[in-house]
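Please find the structures below.
Shared between the two complexes below is chain A, which pairs with chain B and chain C, respectively.
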Partner chain A sequence: MRRVLRRVGGALFLLFTAAVVATALGSVNIPLAHVLGILAARLPGLGELIEPGWSPAHEVIVLRVRLPRVLLALVVGGGLSVAGVLFQGSLRNPLADPYVIGVSAGASLGAAVGLLLVIPRGIVGYGFLPLFAFAGAVLATLAVSRLGQRRGRLEPTSVLLAGVALGAFLTAVVSLLMVLRIENLQDVYLWLMGSLSGRTWSHVSMAAPYVFLGLALALWLAKDLNVYLLGEEAAHSLGIDVQRVQRLVLLIGSLMAAACVAVSGVIGFVGLMVPHALRLIVGAEHRRLVFHSLWAGAVFLLLADTLARTVFSPLEIPVGIITAFVGGPFFIYLLKRGSDFHG
Partner chain B sequence: MAKLHLAEVTYAYSEEPVVRALTLSLESGRFYGVVGPNGAGKSTLLKLMDGYIRPQQGVVYLNGRDLRSYSLAQLAREIALIPQTSYYFPFTVEEMVLLGRTPFYSRWGAPSARDRRIAQASMEITGVAQLAGRLVSDLSGGERQRVTLARAFAQETKVLLLDEPTNHLDLEHQISTCRLLKERSRQGVTVVAVLHDLNLAASFCDHIFVLDQGRLVQEGQPGEVFTPELIAQVFRVEVPTLRHPLTGRPIIAP
Partner chain C sequence: MRKSLALALVLVFSLTMAAAAAPQRIVSLAPSITENLFALGVGERVVGVTSWCTYPEEAQSRTVVGDALNLNLEVLLSLEPDLVVGDATLVQGHLETLESLGIPTFVIAPSTIAEVEASLVELGAVVGVPQRGEELARAMEARLQELVGGIERSFRPRVWIEIWHDPLMTAGPGSFLHELVELAGGENIAGDADNPWPVFSEELVIERDPQVVILTSYNLEEALSRPAWQATSAFKNGHVYEVNPDIYSRSTPRILDALAELIAILDETRP
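Up next is the complex of A and B:
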């Protein structure tokens, strides 16, 4: 118990430090002390004791611009990584990622429909974009989990194939829409690459509940997932309701991924790479794996996003480019290593 | 009372039944071998005994009670199954064997000292104790099979079902696995193994079930069952059988 508390404390400290440092960095550098002061001044009780020694402009940058973006990077990075753990576990496939069952393709189509057909006509505002993406992701997930059934049972291979097939189909529809509505092409294109630019507190509050709920459920199901890895029949004989666990895990993973992709676009490789790397380091025990993937994924995406907005400052590059830049070579390394779970 | 009893059990995955009106009884403390050609319904029989699939007709009884009246958690304390295919994720050997204790502690709990003692004892019996800290994904086929066996032993069930436990093992490990299973049965466990190697079945099993096309063709002691006539009828090959000079058990000598 004490060890668990120490680990959780350590992770929280690391996340906090990373968040403060990332908030200080940017086109305008803000001293760390000021960032801490601005944060502390918002705390009830403590706020009155602090003399503001910083400019109001800095306060606006920290509270309105950087902090929501930094927190969103942590939430999305952690969420995608834990979703990756869930998908790799429930499909018993190390190359599965949060998008494998059509989440990203569905979200892309949802976003494309929003950006190309609905929003330009002024029917609803840009604030509704995440809702379009979320709806698309959920619909695609439902379709894939129906298609992935054989004789009423979910089968990992069928789920994977259905996800790939539906993904290709939906991506084709997105491309068709883009060709037909070429005038709004750039919006869709930027969204597809994945970015945390210009995100606000409303994005954080949309994604965070799903990520936290998903995290809690992932920990709740950790023991079942460990046994589930042994294979369906072996897991059944150890008292696990295999189909129930599989459905629950896919559902939770999909909702987490859908919420993340809805607010940030398609950010690749985080959910593939982080769980896989962590499995190599801490092993396949799921309580450990979920916990370590959470903080590592959060820190990784925060790092990538901070690079995305500082390296070519003031020009910003979509964070998806950075994660893929690191992720592509890593993926090849995994393939070379022959990462196959099968006996 | 029979430990396990199947009464007129029929099961079909689609149209054609793979197990047809099968009736058989298994006692405690015996080592049963299930043999038959490919597609005879051997694996399906094990899945029916384990409750993984439910018969469309007939009833499976465990301790005289319909298997369907047991909850999953109760069944996990009664029957352990080692299926044909296993997956090997990067668990340590000890973690893997401790998974056999999962029916005995709660969702948020951890294995107790007793669970760890039982896992340790199982690892010692199967000879993998010195591998405790290694990753199963790094082990050889024979070592993995023994770890899987240790996991099933750690479950401490009165019924142990194994689907081709000696597949892909070399001679030494085939024999040591069968000896371990025989020992286990002598401690009161009902051991049922699907075996492809008729000679292993003949040397170690107390009782043989011969299946063909989902039906029980013959059962009895190895000496009664493994006759050239039966082998010709079921496996469609002509082979002579000899007697082992020391044990008197049959040897199938193609």
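Up next is the complex of A and C:
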């Protein structure tokens, strides 16, 4: 128990430090003392003691631009990674990622419909964009899990194939929409690339509940997933309702991924790489894997996004470029080391 | 006497108020807006621009807050703007984010020359130089009438406007280029398209046999080497032109420079 507490404490400390450091960095140079002051002034009890010596613009930048973006990177990075663990575990396929069952294609179509057909007419504002994407992702997921059934049972291979097929079809529909309705193209293009730029507190509050709830359920189901690793027969003989666990895990993973993709667009590689990397480091036991994937994914995406907004400042690059650029080589290194290790 | 004195006082008061309320730190999110702000004589008050804002040259000395797609919110906020002007045909989502951060924003979305004139009046009023805005709009209208007044209308050359070659993209109704061609007395062969930037079939271009080809992406050499196009009247008679896309697409008074150029081009094709 004490060891668990120490681990959780350690992870929280790391997340907190990373968040503060990332909030202190940006294309506008704000002295660290001011950043800390602005943050501390918001803490109850401390606020009255601090004399604000910073400009109001800097306060807005720290509290309403950087901080929500930093927290969103943590939430989305953690969420995608845990969703990756769940998909890889329940489908028992190393190539499964949070998008494999059509989440990204569904979300893209939802966002494209919103940006090309609904928002330009002034029916709703841009604030509703995540809802369109979320609805698209959830609908696609439901379709794939129905298509992936054989004689009433979920079959991992069928789920994967249905996901790939539906994904290709939905992507084609998005492209078709883009060709036919070209007016709002920049917005769609920007969304498809995936970014955490310009996100606000409302995005954080949209995604966070799904990620936290999904995390709790993932930890609760971890034991069942461990048994399932031994094979369906073994799991069955140990009294686990394999179908129920599989469906539940897929549903939780899909909702987490849908919530993340709805606020950030499609950010690739995090949900595929982080779980694998950690499986090589901490092993395949699911409770441990979920926990470590959560903080590692969170810190990884935060790091990538901080680089995305500072390296070529004042211009920003899409965070997906960084996740693949930094993550790819690191992952290959881990794979090589892993294979040497196992002989 | 007393009445007119009171009136004068009210006038002076409201003018001072207008001057005091006029935005002093303006950020422009589009090349055309930057250009119009300088044309309105408030270039001094422009503190932030995009990396695409190349005209007038002085605009290039301002802080860059983003490009056509991306916006660096931090840099923008650090300029402490009291007005951000954006074009709704560019990325609208950014403007909503700015509003939620409490930054006053003003959006213009002109898509015709008449709307450009109206937007100059509006922009002038918003930045506190209403008279200058109206002057610019009137001058534009006068020049427009003068330019289109002398056009020979009995012959309408068929024009192919090329925005991009792969995919083959043209300008349809709703775009400035379409309006300019029609105003100049030409006939846009993609005039039946249902959106401003349609992807168009090469076969249809050949069949409709343009007499003038206008290229807007600096690809004259590539265009001239297309085998199937050699049969068109424009190619046979050497009426293929490369134009500067900036003045043909930016919603500023300079769009009439484009119109003048286009009228001259079409004149060359008239018998």
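The working rule: the second predicted complex is superposed on the first by the 325 of 343 C-alpha atoms of A that agree within 3 Å, B and C clash if a C-alpha of one lies under 4 Å from a C-alpha of the other, contacts with A are read in each partner's own complex, and residues count from 1 in each chain.
One rule holds in what follows: a contact is a pair of C-beta atoms (placed from the backbone, for glycine too) under 8 Å apart; a residue touches a chain by one contact, two chains touch by 3 or more.
Just so we're clear, the structure is a prediction, and the values are computed from it rather than from any experiment.
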First (chain B), second (chain C), both or neither: which does A:R66 touch?
second
Check the contacts made with chain A and report whether chain B or chain C touches more of its residues.
C
Mind working out whether A:L251 is in touch with chain B, chain C, both or neither, as first, second, both or neither?
neither
So in the superposed three-chain picture, is A:L229 touching just chain B, just chain C, both, or none of them (first/second/both/neither)?
first
Please indicate which partner A:A105 is in contact with in the superposed arrangement: first for chain B, second for chain C, both, or neither.
neither
Report for A:V174: first if it touches chain B alone, second if chain C alone, otherwise both or neither.
neither
Give one of first, second, both or neither to describe whether A:S237 is in contact with chain B, with chain C, with both, or with none.
first
Could you tell me which stretches of chain A are touched by chain B in one complex and by chain C in the other?
none
Quick one: in the complex, what on chain A touches chain C?
26-28, 55-58, 60-61, 64-66, 119, 125-127, 129, 179-184, 186-187, 189-190, 197-198, 200, 309, 313-316
How about chain C: which of its residues touch chain A in the complex?
51, 63-75, 77-80, 89-94, 96-97, 100-102, 195-199
Within the complex, chain B is touched by chain A residues 92, 151, 220, 223-224, 226-227, 229-231, 233-234, 236-241, 279-280, 283-285, 341-343
Enumerate the contact residues on chain B facing chain A in the complex.
13, 47, 50-52, 72-73, 75-77, 79-83, 85-92, 95, 99-100, 102-103, 107, 135, 137, 141, 144, 155, 161
